[in-house]
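Following this line, the structures themselves.
In what comes next, subunit A is part of two complexes: it sits with subunit B in the first one and with subunit C in the second one.
What follows is the complex of A and B.
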């Protein structure tokens, strides 16, 4: 039910998350923040079962904070992605967490990167990604129009196109999409679309 | 279980419609082929990562180097492909530290087989193919199933 669309541009990452909180056929809350910020410029958007979402993301955030305090240097996006993947695959055979995550981060050494972590523990670094049922609609659009190293205006234009398709074709009404940008200055909100 | 052949093909076909009887090995899809030649081996894999019918990425390699002369291809559930690869990395590095030499393909294949059988009643959903060159360049191929 949740939609997350994420793109990587030149030295920044952009992510659009819908803000609905549904329970069966009712919308409980339409300004829910389905993400957490890890460190200064790493951003984790989650979708899936609500209980698992809050518990697991809290656990991840605090574990990584503890780790950074212990060793004194902040973890890179690649390290955080692999850590999350390890936790998810560890739980898979004990008590699976039914959540999908998209991690977007900015490291000074390699620029921006995007990682998709599945509920089964699949990890894939990608340039653009969509999560949820809307991925069926949005992936083809992103395959067609995405180019590497786009600037902010072009990326937002592409996001607007994707959200337009979702509003046009998806059965469930998702009126608000929260847009976040992650770059060297940190995670900032770009407003609601 | 190990089967030694001259050509080993393992594939998990993609299916268009979701089927409740579809095996978990076919969830992500993938194919690995290895072939032996005159003092050489070749191994290749497709690059697709899918979620049932939907393709998510086209750069997911399924062949990983173990040593300079030994490669392993892993098909099946992508999460287990990554987990088993990390486990094998760990074990071969430990082997190298303990024995002070690189692992031979036969020994590696046996180690992999027991690693998979360890999880007999809750298996790793991956079916590996091992391709390497043994002593004096003799080609070695083996294919294993998930247990």
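What follows is the complex of A and C.
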């Protein structure tokens, strides 16, 4: 049910997450934050079963924080992505976590990067990604219009197009999309679409 | 007085010292000298290889220099058997990090993990400490080229240049005069060999008794290169330095009018 759309632009990453919390046919809460911030400029958007989401993301966030405190230097996006993938993969044949994660991070050395970790422990670095049923609608738009190193205005324009298609065609009403930007200054919100 | 409190590692003396750890540190001072020098474009490492008998088969692998990972190298001073265990531990730690994060372990972290392992043997278990000191040298993206010294207590410290093992005080005094932080690897090769010649207890130094290597980073391939100099190259350096020493001695004799 969750929709997540994410793209990397020139020195920043952008992510749009819907804020619905549904239970059966009712929307319980329409301003839920389905993400966690790891360190200064790494951002993890998670979609899947709510219990698994809270438990797993808490574990990841605290593990990474402990590591930073112990070592004194923050982990890179690549290292965090592989660490998360290992944990998902480790649980796979014992008690699988039914969540998909999108990790967006900014490192001074390589700029912005986006990683998809799915519930089977697949890890893939991508330029743009979408989660949920709406990915069926959104990927074709992204395939057509995405270019590398777009600036913020172009990226938001593309996001608006994607959300427009979702509102037009998706059965479930998702009125609010939280937009977050991740760049050298950290993670901050750009408002709600 | 120390006799009553030095039998067990896990007992403090009344003066607040751990005698077993201190004795272990003493054991290092009889070991073959190791020298490490940080340069602007790399690290120079050299060690004296002790040959106790002519009947010993020449070693195919090094007994002083060990590769811990692609980006970390260690020099050993002290009990070789103890060193083997610790080298194994550090290699394991480094690969575990690589397995988990798919990134090389930062050099200081490698050193810390070995030191934490060493420290355990000074606090519990009733086992004696490891009688080895290391010089860890490597490169990582966070701090560039680094050189660390570890001792049996589990302490470590970062150095620009250091000497451990036999006659290390003599070596360190040469460092004070001859080592320059702006030197490149080429210049420091000579300084390293000069220190070894002074600290070795042989009047006829030969390349077989010196292990000399450099760590550099290839900017194009972004790989760390650990290069061990051949006997011929070491021999050439020894000759250069002996010639320089003779020249200096002659100059001194001339200036004091001893001719």
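We adopt the following convention: the second predicted complex is superposed on the first by the 193 of 193 C-alpha atoms of A that agree within 3 Å, B and C clash if a C-alpha of one lies under 4 Å from a C-alpha of the other, contacts with A are read in each partner's own complex, and residues count from 1 in each chain.
To be clear about the criterion, contacts are C-beta pairs under 8 Å (C-beta built on N, C-alpha and C of every residue); 3 or more make two chains touch, one makes a residue touch a chain.
Just so it is clear, the model here is predicted, and its values are computed rather than measured.
K.L.:
Should the superposition on subunit A be reported as showing a clash between subunit B and subunit C, or a fit?
P.N.:
Fit - subunit B and subunit C, as placed by superposing on subunit A, sit side by side.
K.L.:
Which partner does A:71 contact after superposing on A: first (subunit B), second (subunit C), both, neither?
P.N.:
In the superposition, A:71 contacts subunit C only.
K.L.:
Considering only touches as defined above, state whether A:79 meets subunit B (first), subunit C (second), both or neither.
P.N.:
After superposition on chain A, A:79 lies in contact with subunit C alone.
K.L.:
Tell me which touches more residues of subunit A here: subunit C or subunit B.
P.N.:
Subunit A has more residues touched by B than by the other partner.
K.L.:
State whether A:109 touches subunit B only (first), subunit C only (second), both chains, or neither.
P.N.:
Second partner only, subunit C.
K.L.:
Can you pull out the angle centred on subunit A between the C-alpha centres of subunit B and subunit C, to the nearest 10°?
P.N.:
That angle rounds to 60 degrees.
K.L.:
Just checking: does A:98 make contact with subunit B only, subunit C only, both, or neither of them? Give me first, second, both or neither.
P.N.:
Touch partners of A:98: none, neither subunit B nor subunit C.
K.L.:
What is the contact status of A:121 with respect to subunit B (first) and subunit C (second): first, second, both, or neither?
P.N.:
A:121 sits against subunit B, while subunit C stays out of touch.
K.L.:
Under the stated touch criterion, which partner chain does A:169 make contact with: subunit B (first), subunit C (second), both, or neither?
P.N.:
Neither: A:169 stays clear of subunit B and subunit C.
K.L.:
How far apart, in Å, are the nearest Cα atoms of subunit B and subunit C after the overlay?
P.N.:
The answer for the closest subunit B-subunit C C-alpha pair is 7 Å.
K.L.:
Going by the contact rule set out above, which residues of subunit C touch subunit A in the complex?
P.N.:
Listed in rising order, the residues are 99-103, 106, 109, 141-142.
K.L.:
Hey, which residues of subunit A end up touching subunit B in the complex?
P.N.:
My answer: residues 85, 88-89, 92-93, 116, 118, 120-124, 126, 129, 135-136, 139.
K.L.:
Using the touch definition up top, name the residues of subunit B that touch subunit A in the complex.
P.N.:
Per the touch definition, subunit B meets subunit A at residues 27-28, 49, 51, 54-57, 60, 77-80, 82-83, 122.
K.L.:
Across the complex, what residues on subunit A touch subunit C?
P.N.:
71, 73, 75-76, 78-80, 82-83, 86, 109
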